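Both of the next two complexes hold chain A, though its partner changes from chain B to chain C.
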Partner chain A sequence: MKRILVCVKAVPVSAFVEVDSQHRLKRDGINLQWNAADASALEAALRLAGEDGSVTVLTMGTSKLESPLRELLARGASRAVLITDRRMAGADTQATARVLAAAVKKLGDFDLILCGCKAIDGETGQVPGQLAAALGLPCVSNGETLEADPDGLTITRRLETGTQELRGRTPTVISLCAYSYPLRLPGILGMRRARNIPVEVLNADDLGLLPEQCGLKGSATKVLAMESRFPGMRRGPKETDLTLGAKALGQILREVRP
Partner chain B sequence: MISQNALHHAEKCRFCWMCRHLCPVQHQTGKELNTPRAKGLLLSMVHKEAQQFDKDMAQAMYECLLCDACTNDCATGYQPPLFIREARTEAVVSELAPESVMHLIDNVERTGNIYGVEKPGFGREGTDVLVYIGEAAAVKAPEMAENLLKLLEKAGVSAKVLEKEPASGVMLGDLMGYTEEVRQMAAVCAKALNETKLPVVVLDSYDAEIMTQKYPEWGFEIAAGVTTATAFTAKLLAEGKLEAKAPLGVTGACHDDDRLARTFHEFEPVRRMAKAAGYDLTEMFNHGKLAKSCGTAVAWGYMPELVTRIAGGRWTDLTRIGCDTMLVANPETWQCLSLCVPEGCRLVDLFGALL
Partner chain C sequence: MKEILVLCPFGADPGLLSKAAALSGGEVRALVPQGETALAAACGAARIVELQAAPIGDEARFAAFLAERIRGWSCPLVLAPATVQMRNIMPMIAWHLKAGLTADCTQLRMEGELLIQTRPAFGNSLMADIRALSPIQMATVRPGTFPPQRGEHPQPGVERLVYCEEERVTLLSYRAFAGGTPLSQAQIVVAGGMGVGSREGFQKLERLADKLGAGLGASRTAVDAGFAPYRCQVGMTGITVCPRLYLAFGISGAVQHLAGMSGSGKIVAVNSDPKAPIFDYADYGIVGDWEALADKLLQEEIL
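Take a look at the complex of A and B:
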């Protein structure tokens, strides 16, 4: 596999986050980390690319992400691109996918585009599919393992009831589950190499996007209200029969599995 | 390259000074730079480009035992060892780490241990458990390793030891932070341990820590489980597979090593071993979760003089309570405390004491 692009997102470390008056997550001053599923996608990409391939990481966010992107270069990515523009704040999944697709087109041809299956802050899982649609490519979601051979790709997908094995051709978009591929750490040589690779920075103008295609203005969905619930609380009947209880528990566990 | 998470910890400090009195390095050196909060402040200044990360700063990051006493007492949940470890990585990447440290890194890369010697073998066949001896015990406390193996034999436990035991990665991790090189070393070790399919009994709690805390995070769990040698021995005592000795009429104090105390919250097994060995127990100031470190094998490797003073501080803690018998069950604490046993005092290996 020669050229792979991985979309990554910085998400809050803590589950306790604040939103502004427009229900946008306040990211300033909070501790961020790379989304676990995106990290898994990056490791899969690094393994597929091997020594001769290249892996580009692409993210959208504030300029503060330059340094965390450098960390991904130290872990083995060959190129890092940051899309940052105030006009993009508050983008919904569709506006995000539009921006990412414009960047992918600008950055060149890729054999494979990998994403995490969902980000732990929004939990929608919509961006990979929307990105594929915007690029006119097929999409496979919830990939667990990914192997390449001269004829194409073998992907194992995680389903609620088990797994499914698929064969696919490139180019394609694949979203990967968290923890399928534990991401390697930055190595000493990788860190030295990363110092000499600049993080490329793009804005809406570089991507040829109009303000009404970005951010809140370019979003089809609007968050009108938000309500907080006690995390982990779930209302349901109290089950006293062991067999029925085990069955109900099995159902709940399947629900949250992917 | 300090991660966002580490920086967050470095900048969270409220300068309340609570950790100041707990740092064993600060105690011995008296340097303000050796307070955990000062190290955080330095890194924060580097991040704000108010200061360069230079050789002096790198040196300061190595004047720390990674003992976690500061974390344990910090009201803000601030974890200095997290960013101190990353600062060590930065020091190595920038070629600013002290020469003594770089020499040890070379040794580990060549031989798997800081001592730069071929690890003595304890290889034997067994079917119940795999005993992981570790670098410090194999080179600096081989008697403790032999005593543990004899004790297991006495209890009827069939213990296997790998002929060529790979390094766990803990020494390299303490020297240059958790980098991919350390993870690769750990992967080799995990593979070798998992191939035996046996539960692993780990003599050195420093090895046990990396195996239980970092291996799963890095994607390779020890499938059959990891137990500290102290917890395993205490269990053998509880099951009656080892017999308690008659009282000796001697009072001793257990030194809790920092990883057992703060990572595993394991205090009772060592005391059960000490009582079964016939000792009456007393306690030093700063024991249990608050245990004061007496040094580590790695720190001894690059600052032997300071570690000898730190170990001396622990002996002072012992004599201050009118006791002369220090009871230990960890090869690294054995190595450090034996550097400076005061006249009239005794250092006791609890595995040996139970034989």
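Take a look at the complex of A and C:
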């Protein structure tokens, strides 16, 4: 496998977040981390690329992501690209896929495009498919393992009730489950190497995109209302006698079962 | 009322078909696999498209094929169950149709000709109302959200649709998980945390889950410790579930775990630590040894 692109997203670390008056996640002042499933995609890419291949990481987000991208270079990526532009704020999955597809075309030919299957903030999982559709490529979602041989790719994919084994060929888009491939740690050599690789920064103009193709304006969906909802405290009664507890639980089971 | 197209190429979703029938006043066109036309009709579908296809591997090609048919039918509203496969196919259809698509909705309502879609995001900590800005409005809907209703259509029209395109991705094999109810569709979830302590402990929970017809869940720490496979993980980096009953054994209640199960109908927590945070989020708590309780439940014959 020669050239692999990995799409990554920075997501809030905290499990509970707030939204602004435009119904956008408040991303300022919160700690960000790379989405777990995207980290798996990067590790899968690094293994497939081996010594002679190249792995490009691509993200869209705030200008503050330059140094987190550098960390991915230290972990083994050979090239890092940041798309950042205020005009892209509030993009839905379609506007996001349009921007990513434009960047993929600009950055060159890739044998394989890997993504995480969904981000823990938006949880839509729609970008990989829409990116594939924009590029006219096949897309396999929810991959658990991914192997390459000279004739193609073998992918195992987790569904609700079982596992599919699929055979594909390059180029293609594949999204991977969280924790399918734990991402390696940065090594001393990697950190040294990362210092000499500049993070490439692109905006809408660089990608030949008009403002109405990006962000809120370029989106096909609109958020009408959003409310934060901390999981409600229920604070039900507590039982310390196991026999009585089992009895009460039996009653609850009878209620919930038809 | 506008027609609603419900795409169920891998198996009819009776709850979603019933909801679509209610929203559209009976104007439902349902795409179902061969042999499921009677089920679609029983849920109120007025027009049924019976799909004839070999096992599908290239979902991108299938999506392009469906997008072309949807143009022909000129359906303004397209729904599908939010299964792994349809959550891959619907975004690609939406791209081809330039349609707005909302993922994994848990509520739907019509406001005039607009479909207002409500979905949870970021665990269950945000609820958003979303509409499409495009002529075609699309959504995937979390399976099990709406109860199936019998509402037989008197004379449904049935047509056949054949899909036999050349595929770039081929399906070699499918292996079903051994036994048990799929976690995302389970009405009861029996879940364990670090407190369960071992793989053997989870085997006991699995026996209990089987007895109750429940799905088996696990916290991230239990999965990390190797007690249960990742596919059982409930929470931010796992699966979000909303069963009628969530039974938490030896789970302390980290916010990341709560995010994946706080939408459950009833939550019962079993933990030996009376101060475990999970008790704050439970409708009923049992303070004590999870295994002793599990043994009791396994012995009970009436359950």
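Annotations
Basically, the second predicted complex is superposed on the first by the 227 of 258 C-alpha atoms of A that agree within 3 Å, B and C clash if a C-alpha of one lies under 4 Å from a C-alpha of the other, contacts with A are read in each partner's own complex, and residues count from 1 in each chain.
Quick note on the criterion: a contact is a pair of C-beta atoms (placed from the backbone, for glycine too) under 8 Å apart; a residue touches a chain by one contact, two chains touch by 3 or more.
Source: prediction; values computed, not measured.
Of the two partner chains placed around the shared chain by superposition, chain B is the only one that A:67 touches, whereas chain C remains out of contact. Judged by the touch definition given at the top, the superposed model places A:116 against neither chain B nor chain C. Within the superposed three-chain model, A:190 lies in touch with chain B and out of touch with chain C [touch as defined at top]. Set side by side, chain B and chain C differ in how many residues of chain A they touch, and the one touching more is C. By the document's definition of touching, of the two partners only chain B reaches A:32; chain C does not. The interface of chain A with chain B does not overlap its interface with chain C at any residue. Interface residues of chain A, counted against chain B in their complex, comprise 13, 31-33, 67-68, 70-71, 74-75, 181-182, 184-188, 190-192, 194. On the chain B side of its complex with chain A, the touching residues are 1, 3-5, 8, 89, 92-93, 176, 178-183, 217-219. Of all the residues in chain C, the ones that touch chain A in their complex are 57-61, 63-64, 83-85, 87-92, 94-96, 98-104, 116, 120-134, 168-177, 182-185, 187-188, 212-213, 223, 230-231, 236-238, 240, 244-245, 247, 255-256, 258-259, 262, 265-268, 270, 274, 279-289, 292-293, 296-297, 300, 302-303. The touching residues of chain A, when paired with chain C in their complex, are 12, 15-17, 19, 23, 25, 36-37, 92-94, 97, 120-130, 132-134, 137-142, 154, 157-169, 172, 177-180, 219-240, 242-243, 245-246, 248-250, 252-253, 255-257.
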